[in-house]
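These are the structures, in structure tokens.
Paired with chain B in one complex and with chain C in the other, chain A is shared by the two complexes that follow.
And now, the complex of A and B:
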């Protein structure tokens, strides 16, 4: 059962008394402190092996671009003379990879023109289990679906897991292991990105029953504790922008919060992903004895922002994250499973599930006077 | 009434003053006492910058009556024929006598140790700051100031802190020394004792404005701002540009990969004027105009200070600030809303039948405009 912390009635009144379906009497708020693809990697996910790391991937890309063995050797040598960003601007290395797209004999940027580069291929995961939700309602009849390892719900749609399941820096078996690159990216953005707030409102949160889940954006970034974790019980003002507010409806069942809705929009950060625009969103999480909660947010989302997350960093992505952006682009288009384009028939969205950890917090309405007197650190986020 | 930084038609282009088109202004060491020594052959390369009929002198700027040439602090100003675009300074150092006219708020004013003049964008002004570069406020009345000056046993103000002068400090220019009730000395500007505000948390903050009617920001000169524009606070971001009715103003910005950070940086994004100029009014096409309304400028508006006037395809004029054309967003329903901010448009080419040569940016996004 949720051991709820009752916020002041004033907060409740400001935030949730407009919720008609539930006579709000109790609200508990959290910030999302961890957020990354809900990976549940197992040994048999990748019968054809993993997607190649940078060296092999660059070799393949250069072979596909028609480069000679001598050129490829020169490239790989220079790459490690000029690691990181230096390599992208190297006169030798830079153009070979960063301008490998071709159109009418001219060189172009492949990350902006991925269709102008031969598809190097992409290995996607197979398997029985994946975290997630049954988004399309087809249940176990859907042969392309998974079974959730915790809820054992069948018909789970999570193409995001399929997409990343054979890429080394994403492979992880949550909750014990966390995916390397996504967690690293998250740790960077939460330094400046305004927090994502989740508030649960119900008549008695210690019992099963109806709840309303509000997902809001805060006005400042999360505060860390001495261990670098998100500090619990901090107070955050809610962004009054109507676009920053979402409501999902659901229940507490056996102590687990479960809710869903038609849409969920959260602004992110361009370093990571500018926005998370879910269709048919679902959320579930359960609180532990330490007050933190763990669970999932899932739903369909446009694949283009997922592409942005990696294409925007161009060469750096390919070298340091070890993924071929062109292969990734084509995989996104192949694996998208929702929202067909009425003209082309091509799916524009992809089923996803994201692992979340939530930490208790206090969410208060925007107060300009309080903000005016806030300290420099408290004002640090500028969304 | 504070003097303006620039008269109408003189612009500020980041590091240098510019003419109405933004082209860098120059002064010559050979010109003295406001008189030009640039003859006809010299003027083939160095074109005098002339005031329009009816233009008035302002602040550091005057006009030579006989020639109508603008003069900055006794130096007639020119543009250089070989400069091709805004920001060019090809004439800087020519003949050992020509200098690009650098923009410097401290020019023309003497300040004592511990006080300086800087641009304070949040007030659209050049203003005094203390040693930490925090905003300074001037006491503009002699009545009921015991708490501010620690006089007659009053409890000293806990939020207004004096800009302290050393016991051996001497008056300098417009700066004099006021004696406080507790015996300490305090700098005064034009006779008005100077303070900082406790709740200003960083350089550039002007949170003390409108807090106490006795105190005003210590402004030296004011920047031009169109009458249809104000600076107002927006939730979570502080001061932004807005219309006179309070509706947030937006610019269209190109994403730049900063490797470890984004436009959600702690200091906010003020953009790159060159990118704004490159985009011009093309940042919002006919589809976009359904959601974004250009900030209209009068048909006779002139580029001044950091403000430019762009002409849209339909012939209407639009205000631009620091190179960026400005817009309101129809989705904002009330003053202070920022619903139009941080909206992305990805610019990837998904076809095989064309190619996009776009090294500059992969996405355009809308962002509120900081002062």
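And now, the complex of A and C:
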């Protein structure tokens, strides 16, 4: 069994955090320091094997473009022997791949028009276990659901795991292995993306009881420590944009923070994913002795932003991330399990679960006066 | 260049004076006077410029924008001060090469086309040929600030000759000028602050610094830079030797915002902040102690000091207990207090923000800051011994002997010892050895009072799961925690007297002599009477003729290599 915990949530102590709905006695705030799809990989997840890398699709596109077998072999060898650096080959192959969609005999961009390319198929994961939440409330009766491998809660809805569970660059990795793509992408994006803040407010956070969880976006990106991890106890101003503020209600149960709500919107980053727009969101995490917390955020989310994350980078996505975007598109449509379109009946959202790690931080409201005052004070005191 | 000086002190006199407690200079002066001995007057000093003085002079000349990075030579610390050690420092061959290389680069920048209109008093008749008159004007103007006095006719003539010759050969007036300017930048007259004396007409038979040497002493002491045009003019006119003229200049220097540079340089020196250049912590144990922390920690303390002593004219002793400071977001993460990042990308300085600790916060005072507790710790663990030693030596002027060479540190270094889980336990076991006990009694008692701060400066209440017990006794005054220890230091009688002695040594660039004991005693009395205001102390010190009094040349045996 390969088990990967891809976690991330954080807490910081501050009297300034949101959550005015509760008589705020105590608030701890955190930044989300790790965030990626919650994967629980086992050997029998993929009885038909893993999804092939995109070269199979590339081969078809090149054949369609009239290239000889010898040329195709040369192109594909160069692309995968030297990914990213085979500029000359990319320049030749790229346009062919990027114009592989056909309509009435004309070439079209397959990333914008994936429906114009025959579905190459997609292998989805199967199995008993997956991290996540029981989002639809059906519990173990739901045949398509999983069982949480740790809490053993049944009825876990996590189609995102099913989607990625047989894809080479997304399956769980053991420590020491090359990290999977989502964790790499997260490490890149947090260099510049404003932090995601999580604040827990309750009467006494050392005891079980009611809490309100605020999820906000900060105004600055996080700072790293000497290990390259997110530095704890930094201070972040909260983005005053009301759209950046969310509140979930819940409890601390046996030391674990659990909360849920109707919706949760987090603005992301174009490189990673432009937004995370959860329906029926749930969150849970537990603090360790080092002050960090680990747990999950989950909920249904529209599959289109998931598609956009990969389709927007077009040929590069397929070459470097090793996935077939057209197959991915069709899998998203097939695996979506919530929010049917009233006209087509096709589901528009997918159940997901994301590992989170949180580290303590201070979250304070945006204060333009503070900024102006600091500017004045510092100009006056600068030697 | 190496200058050696010899002072003759009789063994009897030496024994009489050194036996006196350092914390009682008034008594020392009285005892000394009663002994009826002839005072050993101090001699003029020769001090190598510090890196900051070197940079400041060039900034003064050019208005800034000239990059001078790094050090040319390692610092030499003596009597607790680099400013004193520099009086014994020479320049190595390698160092001279660095000075020469920098001189060529800096002279090129000074004469850069963009600066010529504002910096140079003239333009050559032709930029492709020598121009004796213009070269003389330029070198005379800039040379005066570099040498802190007018150039002699010979000095000027030689450099103009170099400039002319090189200009004609290169076909470039500014190329020639550059070489002449570089020769001044690597001259001992620039790199060393050489003080000169002259007979004091107001004290027949005694000597004083010359007016230009006096101007330099004043300026480097108060501004950490060479004299400006007005101070040089006061020296040239003789006004600086007149009480009113001196007072005008002292008041002007003290009223200038540039006094901050002087205060910063002084505290950087007495608090050994140069050690931050080599400070590192074990990243496995202290992942938050990054290069940003090393950069910001001494700056936090300097800002605290400047704000308290200059902006608010506060009592010096309150530096040990003040709740007011300045923090950056990075420092906030170590201190675990909220400090938002308000900096724009193009204005990192804005990230500094004033901060006041709550009434019962253990962080009050400069000794609780990272700049002290982290600097005086080991790479992977705190050190009550180093902290106690630093506290006594830096702020109370009490000498703590170095450990013998054959000490076994095994017990102290083993922080995973299951039986000795706190630093107090380990030190007690270590100090059980009679060889170690003596010194550790002096240092550890107070150093253990700061054990609530780990090696990175983070506050903690336990070590290896065992509660830290920070109580102790400082020279008869009991303390129970960091705030009460800080209070005990604040109220220690040696704290202000040590400060006065250090400041005097810093100003004159050498250890104070016995002849100066009455002067220092007076300064200490005045300091106390003025409520321990540093600006007042500086004024009292620099207005006194005693600050510029030196030995007659015939008593100074000097040898120059």
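Keep in mind that, in the parts below, the second predicted complex is superposed on the first by the 307 of 383 C-alpha atoms of A that agree within 3 Å, B and C clash if a C-alpha of one lies under 4 Å from a C-alpha of the other, contacts with A are read in each partner's own complex, and residues count from 1 in each chain.
By our rule, a contact is a pair of C-beta atoms (placed from the backbone, for glycine too) under 8 Å apart; a residue touches a chain by one contact, two chains touch by 3 or more.
Computed from a predicted model, the values in this text were never measured in an experiment.
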| item | value |
| --- | --- |
| Touching partner for A:220 - first (chain B), second (chain C), both, neither | both |
| Partner chain in contact with A:235 - chain B first, chain C second, else both or neither | second |
| Partner chain in contact with A:371 - chain B first, chain C second, else both or neither | both |
| Which of chain B and chain C A:76 touches, first, second, both or neither | neither |
| Partner chain(s) touched by A:269 [first = chain B, second = chain C, both, neither] | first |
| Touching partner for A:64 - first (chain B), second (chain C), both, neither | neither |
| Which of chain B and chain C A:243 touches, first, second, both or neither | first |
| Comparison of chain B and chain C by chain A residues contacted | B |
| On chain A, positions contacted by chain B and by chain C | 220, 237, 371, 374-375, 381-383 |
| Residue numbers on chain C that touch chain A, as the complex places them | 257, 260-261, 264, 283, 286-290, 303, 306-307, 311, 326, 329-330, 332-334, 336-342, 347, 349-350, 352-354 |
| Residue ranges of chain B in contact with chain A within the complex | 199, 201-202, 207, 233, 235-238, 255, 257-268, 331, 333, 337-339, 341-342, 344, 346-352, 354-359, 362-363, 365 |
| Chain A to chain B touching residues, read off their complex | 85, 101, 103-104, 106, 108-109, 111-116, 188-189, 192-194, 219-220, 237, 239-243, 267, 269-271, 274-275, 304-305, 307-308, 311-314, 316, 366, 368, 371-376, 379-383 |
| Partner chain C, residues of chain A touching it in the complex | 14, 16, 220, 223, 225-227, 229, 231-237, 362, 364, 367, 370-371, 374-375, 377-378, 381-383 |
